[in-house]
Amino acid sequence: MNEPFIDLDALAAAIPDGAKLAIPTDYSGVAMAATRALVRRGVRDLHLVCVPTSGIQADILIGTGAVATLETSAITLGEYGPAPRFTEALKTRSIRMMDATCPAVHAGLQAAEKGLPFMPIRGILGSDLLTIRPDWRVIDDPFAEAPAPIVLVPAIRPDVALFHAPLADRAGNVWIGRRRELITMAHAAVRTLVTVERIVDEDFFADEMRTAGVLPSFYVDGIAEAPRGAWPLRLWSTYEEDEAALSAYAAAARSAEGFRVWLDNEGSAVPMAAE
Amino acid sequence: MNEPFIDLDALAAAIPDGAKLAIPTDYSGVAMAATRALVRRGVRDLHLVCVPTSGIQADILIGTGAVATLETSAITLGEYGPAPRFTEALKTRSIRMMDATCPAVHAGLQAAEKGLPFMPIRGILGSDLLTIRPDWRVIDDPFAEAPAPIVLVPAIRPDVALFHAPLADRAGNVWIGRRRELITMAHAAVRTLVTVERIVDEDFFADEMRTAGVLPSFYVDGIAEAPRGAWPLRLWSTYEEDEAALSAYAAAARSAEGFRVWLDNEGSAVPMAAE
Amino acid sequence: MSEIRTEELLIAVIARLLGPCRHVAVGASSPIPAAGAMLRRAQGDGRMTVNLLGSEAQNRFTSGGVELFDCAAQGRIDAFFLGGGQIDGQGNINLVGIGDYPDNKVRWPGSFGSAYLYHLVPNVILFREEHSRRVFVPKVDFVSAPGISGPEVNRPGGPKALLTGMALFDFDRARPGFRLRSVHPGYTLRDIEENTGFAFEHEADPETTEPPDPATLALIRGPIAAQLAETYPRFAERVFGSPAASAAE
Amino acid sequence: MSEIRTEELLIAVIARLLGPCRHVAVGASSPIPAAGAMLRRAQGDGRMTVNLLGSEAQNRFTSGGVELFDCAAQGRIDAFFLGGGQIDGQGNINLVGIGDYPDNKVRWPGSFGSAYLYHLVPNVILFREEHSRRVFVPKVDFVSAPGISGPEVNRPGGPKALLTGMALFDFDRARPGFRLRSVHPGYTLRDIEENTGFAFEHEADPETTEPPDPATLALIRGPIAAQLAETYPRFAERVFGSPAASAAE
């Protein structure tokens, strides 16, 4: 893409079926408006990489049948309880599950960020995760004098990283503040698609006091303006979560039928006021 | 230390003889005032880790005989020419040299940052650096199907990281902007000592627009106020280098005698006006 | 001063367990551990760091999601809290599900950072309010993170204590196993035995968990409740009502 | 329009070599490569990124010193510049010293990032103004970074061209070796042969390096000189004098 500024549907169209899609955790900046656009376009066969966990975003995508593989350290609605469509999908074995642990997801992304095939990681030894993740290896630390096992996890190179941030400037730089896992995701991914609250006229590189929180434009392939784009989740430093909407989802999604009704009424068919 | 705010001489005293000392590259925030304090106290036997290169700071420490081991990707005065005391020390074999390449220094620090014994790194294969750095290993990538060598470098865990930054707040948080190698150094090091232009009353965590460039106080063991503390080097976004002073150093240090005279007049014996 | 609530007792016990810690991190959705850590900070010299994941006001990390894990590996995090759908007598914890993976009869959210932090944080406090044989089992069905490791494993961290709604246990890594330290007011040793599915050491007549003194209680109901409300407004309101009202009790 | 300076010719040649690049990084203390990259950016569609290490105004990296290297490994840096105290006909470069390590007769600053970036950046332009047998040797005394690697080595990058004060060469990774592309105005094939210590392919009558056209020269002496002065004030003043004066030539 030569012009990074696109609309939500064009952004959703830029995520092909079958993509390995990286999404951030609930408090980091979740592209919920873009997720609704993805549901509208009927995305399928995603390999969802949750960095390192997810909530309603993953649950909705799973509920619509968009997810073939789920790589995550946890899926939960937090204070609103378990994630019902996730739980149901595991019961019916309708998705391939790759259980992880948070730092292993970060390590896999950092390996991709450095063009490496793998990263070593502390811990994990003795966890049954090692049994169910045959792609994780244990080697003997070549630098230790006595035998010392250490885990290696393979690189995670998403086809697309998708997240929501407060601001972008006209040059396509995105302000992500101290949510630097978003930067790691963008470094690791082949392409990065972002929704932002606002596109602003100021140049983010004009003031060194503010540059530290900027994802530079050369990592960013598409930006769509989406006011309240994390709704009903909160966007750190910008707005709080919508408790009523999250409670309503948690209740509705307990049954497949309830989820379908919710989806028709709120999830996708009716564009949100802001979209 | 319970109280992070100390003076320059106390800061220099907190760097013991024999310490593995990490210092940043010339444009990143070099603690020159602290270096003069170190020279005044007659520090010895340092293992200097340059992240990933150094200039006048390393050259002065080498010239005073303070350096036993030098781990760096390069030492140069840049536009002012070769680093004379470095060159002389290598000629007389008076320091142990550990030649590196920039990303290997970063990788070693990142290994320490993660409590890892080593980090894999791309490149380097076929370089004579592998021959002269027996602590760097080559293994066969366990994730590759065909034989594929990859280099592993050991963790670099400095005893002390020392640098200069523009600002600290009263809680001991240090503003480093986008010079994040300083954060990596602090994460990797056992202790971190910092000089700053100014200690200010505002709370760096009060405004999310500015938090991204903050090194949190729990990584910082000592802070000394040192206005123009990078002089004669520049401090990004704050002041330019002193061309006359750097030219004078480059000329004087060409001979051992010239260096000694420079040192007596300017380098250590006479505290700078600001100190 | 009104009657001490269970949450207040647990918050006070957690603060005591954190005694000399300089840096405590607390996972998301953990209001009681968060309050315990903030209480301990309020009781100390003002230099203790408390980082609540997912919070902005109570979080000083600036390097993204990986920083908690890096910081733990650096030895800079003294205490962390883990829970578990199942916890067994060897200190193994299961956050994945009941039954055989992947055909779990009951599936929980997942292992989060447990498989890493349990190895690296020296004082992991296992916290689970529900004290039942459903939770405290002879052997977990899935080891999200093991309680102990062999000598070949680099492991500075592990379980230090187990706190439930009924009792407080210490963990002995050498034996290994739990030892009952105290029973909360209102419960007996018999209650603990009946509701714990694994064997544990105990005195014949175990101590009663010391409730918070009036000064501590005032701290909890005043400034701690107010701080907690920034990150956990719904929990704070449920337990303490309006912080201003509580502070005036 | 005054006579074309050597620096201006080199800047123009570099911009031509960078043809389709979207992201060019330039090391510290490299004014001519920096100017070449900025010229190419000025000639393009405005979306090319130029990152000068050590600059703030001309640097968009925000993840610290490691970002250049990570970015290169991601395949996001199309071109970089390396020099060498010695360069041989296999494309090996030596930034460490003359003679046997560590007893080098002449010691240079060190290898910088060459041992990594040479492997990872697809278009590495070797740039060394001094064209002599002292620099262009049959075999380097120390391989800071090798010109080529075996098939077992993951190596997307390597040398693309060699630019000196006398000539421009292409590098053929398959053969491997240099091929003379053009000789700068004022020099002959004979000059190149006499001052090059390794064998290279060439036409019997090699082309002359095309000097910058008037429009390019105006761009160099106007906006590029001004941009360059932000990071390299001393170089800009020496070569161009005051940028305002140059722009008016």
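Letters A, B, C and D mark the chains as written, and numbering starts fresh at 1 in each.
To be clear about the criterion, a contact is a pair of C-beta atoms (placed from the backbone, for glycine too) under 8 Å apart; a residue touches a chain by one contact, two chains touch by 3 or more.
Computed from a predicted structure; not experimentally measured.
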{"item": "Reference chain D; chain at largest CA-centroid distance", "value": "C"}
{"item": "More contacts between chains, B-C or B-D", "value": "B-D"}
{"item": "Geometric centre distance via CA averages, chain D-chain B, whole Å", "value": "28"}
{"item": "Interchain centroid distance [CA atoms averaged], chain A/chain D, Å", "value": "40"}
{"item": "Cα-centroid distance, chain C relative to chain D, in whole angstrom", "value": "58"}
{"item": "Sites on chain D at which at least two other chains make contact", "value": "56, 61-63, 69, 73, 120"}
{"item": "Contacts with two or more other chains, residues of chain B listed in rising order", "value": "114-116, 121-122, 148, 150, 178, 180, 183, 208, 211-214, 236-237"}
{"item": "In the complex, chain A residues that touch chain D", "value": "2, 112-116, 173, 183, 187-188, 205, 208, 211-219"}
{"item": "In the complex, chain D residues that touch chain B", "value": "28-29, 53-54, 56, 61-66, 69, 73, 95-96, 101-104, 107-120, 142-146, 149, 152-154, 234-235"}
{"item": "Touching residues (chain side chain A, partner chain B) in the complex", "value": "114-122, 137, 139, 141-144, 148, 150, 152, 154, 176-178, 180, 208-214, 236-237"}
{"item": "Of all residues in chain C, those that touch chain B in their complex", "value": "22-23, 45, 47, 49, 56, 60-63, 69-76, 120"}
{"item": "Complex interface listing, chain A residues touching chain C", "value": "25-28, 51-53, 72-76, 78-79, 82-83, 87, 90-91, 93, 97, 99-104, 106, 110, 121-129, 132, 146-150, 178-184, 236-237, 243"}
